[in-house]
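Here chain A shows up in two complexes: once beside chain B, once beside chain C.
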Partner chain A sequence: MSVLDLPRLWRPATHQALFRRILDVAARPGRIADLSDLLDGRPAALAALATFCDNTQTLADLTGTLTRTDLAFLDVGRAAPDAAGFILASGAEPPDLAPRLGTLDAPEGGATLVVLVDSLSDGPELTLRGPGIKGTGTLAPQGLAPGWLAARARWCADFPMGVDMILTDATRLTVLPRTTQIEGA
Partner chain B sequence: MHPADTMGQSRDGAEYGFGFLDEDAKRELRRTIFKAVCIPGHQVPYASREMPIARGFGTGGMQLTLALLGPDDTCKVIDQGADDSVNAANIRNFFALTCPGVTGTLRTEEASVIQTRHRIPELPLRADQILVFQVPYPDPLVVVEPNAATRRRMHGRADYARLWVKLYEDMVAFDEITISHRYPTRINGHYIIDPSPIPRWDVPKLHQAECLYLFGAGREKRIYAVPPHTDAVPITFNDVPFRVEDFTDRKTGRRHCCRRCGAGDSFLDEFLDDAGARVFQCSDAAYCDMRLERQEAAE
Partner chain C sequence: MRPDREDWAAALAAADKGRVAALADRIRARATVEPLAPPREGLMLMQLRDSVAGAAFHLGEIPMARVHLRLTAPEGVAEGGAALMSDDLALVTRLAILDAALVADLPEAPEIEALLAEGMAVRVETRAQRALALDRTRVDFQLLSEDDA
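Moving on to the complex of A and B:
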């Protein structure tokens, strides 16, 4: 199979384009990246995982939405949620997990949570503060159970340890790094 | 076109994948960059790859740039502010060879990714631009603690007491903090970074910037970042304000100006001309050229 035969989501050029958009919104929490032109109908959450995962990483899929083909392409190790580097979860129910938070010496070991919500806009408005945000920013995700924000605040209470969240709806994505302080809802 | 600019003249038949690095390497770099942005100022370890130039000549910056570049990008490479010095010109040629489609530029305002050694461009960078630093020594604590594991522990606990003592000893001995470049800078109130050997002049540009700053140390295998709109404060004492380089002429009391473009607001290089006289010139060549062009257009 040549590179051209690969479905678009698994081509190197797509990963580069995805990464630049994810990096842009990771550096500016609250901003939303529209990935629809790169996805060919696949979910944005899968695109985020495709950008970052390979056989050196571990993933816990709590949604059961990844197909066997997706997992074969991701070529990622499976792990329990408390040991995984990446966690794919649904935002509809409050989280019942204890993700990796890293250590003081190596906070980069904190998990990356990819959380699926109904929509990244038109929900209850949250106020964001922290690095990457000029003054204050806003985000209004729809379908994110309030328990998520409380749990995230608990996980990220001891900077530099914490988790980094990637919120996605069907075609869009935004990043909440561990440094972002969230108020409201 | 500038003689040093060979970008866009990608040689035919070069058997490299786009961006030279393999996709696994790029993905690891991207994961590392992501964590570095999420933990501002933290030196995230990564598996620095062998590059076709020696470590210490900008391999960390090159790996970052190669993980970022796509065919739509416009790339600029500077060394001490200049586009045409050996390090910058060769790295730019390497990107031209391995990243077909990427446009090269000498103009700061046209670039989407700028790789730099030891300067931040004078022109304020925009939100759609990324500045990649080549970093020789990523750890500011190396002057006070030789053990890497101990330094990591000190960083995690934001324990910078010994660095403060170092600054205090400077005050006792010289009445002045004697760090000229690589000035320790505190990011978002926690980590202190080595902002690479930029002059003091450039340190305030890290604070609450519009653009993203990425730092790559290839030999030391570390990546760190200063996101936009993030506090970056050079550490100093309450009664000792941070000072940047002073270009005042002691004889006339006026500031030296660039001998080419006349700029009185840029970081200047001082050197001797053929007659042995001291002369000053903009360190940022693109800024100097831009001012000259505008002056010519105005005439």
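Moving on to the complex of A and C:
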């Protein structure tokens, strides 16, 4: 036993495993990564933020679910939603925000939205097309207000500018990069 | 009487390291310790102000370790922390555990207070030795100019 044991989510080996799984599904939009064996009861959204965020990034938590300890471990700067590099939001309500979209010179400045939904399956079926998807793919998130897809289409209309989305339920996540076209619902 | 809390870490670091470690590990074994921020160790720039113009300057890099945790024992719960000019993260973690144990007034508090008193005495002694060494380097410019004349 070391003098101070870090919670599992914050151990380097866990971060490496999370990064590998998230990278895999980021390359295949709509595919779902099950993180339950790595979370120790913590939400998948926090695991996504733990993987991506550090002290060079900024975060806006619109859900108010992150604790003081979570924020200390994320070691991420806080910012307003229109300035943040990462936004944690609930999918239950249509979005009322204007995220960063990047610029033509620096499209990587577009925000990454981590959106919480009830489930990544058993909802209305969406059809996905774009890079990383052979032909078409499907995704059926439950608890994603329709306004989200309309807003995402608006934000991603001027490619390469836009936002990248990570949809999460309690233990799973999927990545929808700005290149993915979504139809349905 | 307990010294100010801001002096606890430095005082305990000056006390007998073996007894500090043994006491912290004994408390650790019967309590739950949960980090509230990532434990950090590394180099940081020490900023000082010069005594003439008051301008800030960087003296150099110093090793630094910092721990912030919550200690939950049957007798109570408390947050503890320690930040020390040291690269020994295990030592600083143990100091943070003793800090929390003292705040929570655990049964081990008298033992921690004894270590604090020992460490404060060591610090006073060290300070006196440094003052003496510094005093030997004092130069009286008035006398120098008289000698030159």
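Simple rule for what comes next: the second predicted complex is superposed on the first by the 181 of 185 C-alpha atoms of A that agree within 3 Å, B and C clash if a C-alpha of one lies under 4 Å from a C-alpha of the other, contacts with A are read in each partner's own complex, and residues count from 1 in each chain.
In the analysis below, a contact is a pair of C-beta atoms (placed from the backbone, for glycine too) under 8 Å apart; a residue touches a chain by one contact, two chains touch by 3 or more.
What you are looking at is a predicted structure, and each value in this text was computed from that prediction instead of being measured.
Of the two partner chains, chain B is the only one that A:Ala17 touches; chain C does not reach it. In the superposition on chain A, A:Glu108 makes contact with chain B only, not with chain C. Contact with neither chain B nor chain C is seen for A:Asp158 once the two complexes are overlaid on the shared chain. Once chain A of one complex is fitted onto chain A of the other, the partner contacts of A:Asp75 are limited to chain C, with no touch recorded for chain B. When the two complexes are superposed, the chain touching more residues of chain A, out of chain B and chain C, is B. In the superposition on chain A, A:Glu125 makes contact with neither chain B nor chain C.
In the superposed pair of complexes, A:Pro7 makes contact with chain C only, with no contact to chain B. Looking at the complex, you find that chain B touches chain A at residues 17-19, 23-24, 26-28, 30-40, 42, 44-45, 67-71, 127, 149, 152-153, 155-157, 188, 190-191, 208, 212, 225, 227-231. For chain A in complex with chain C, the residues that touch the partner chain are 2-7, 10, 68-69, 72-73, 75.
Residue ranges on chain C touching chain A, taken from their complex, read 24-25, 28, 33-39, 67-69, 89-90, 93-94, 97.
Those residues of chain A that touch chain B in the complex are listed here as 12-13, 15-17, 19-20, 22-23, 26-28, 51-54, 56-57, 103-108, 112, 130-134, 159-160, 164, 175, 177-179.
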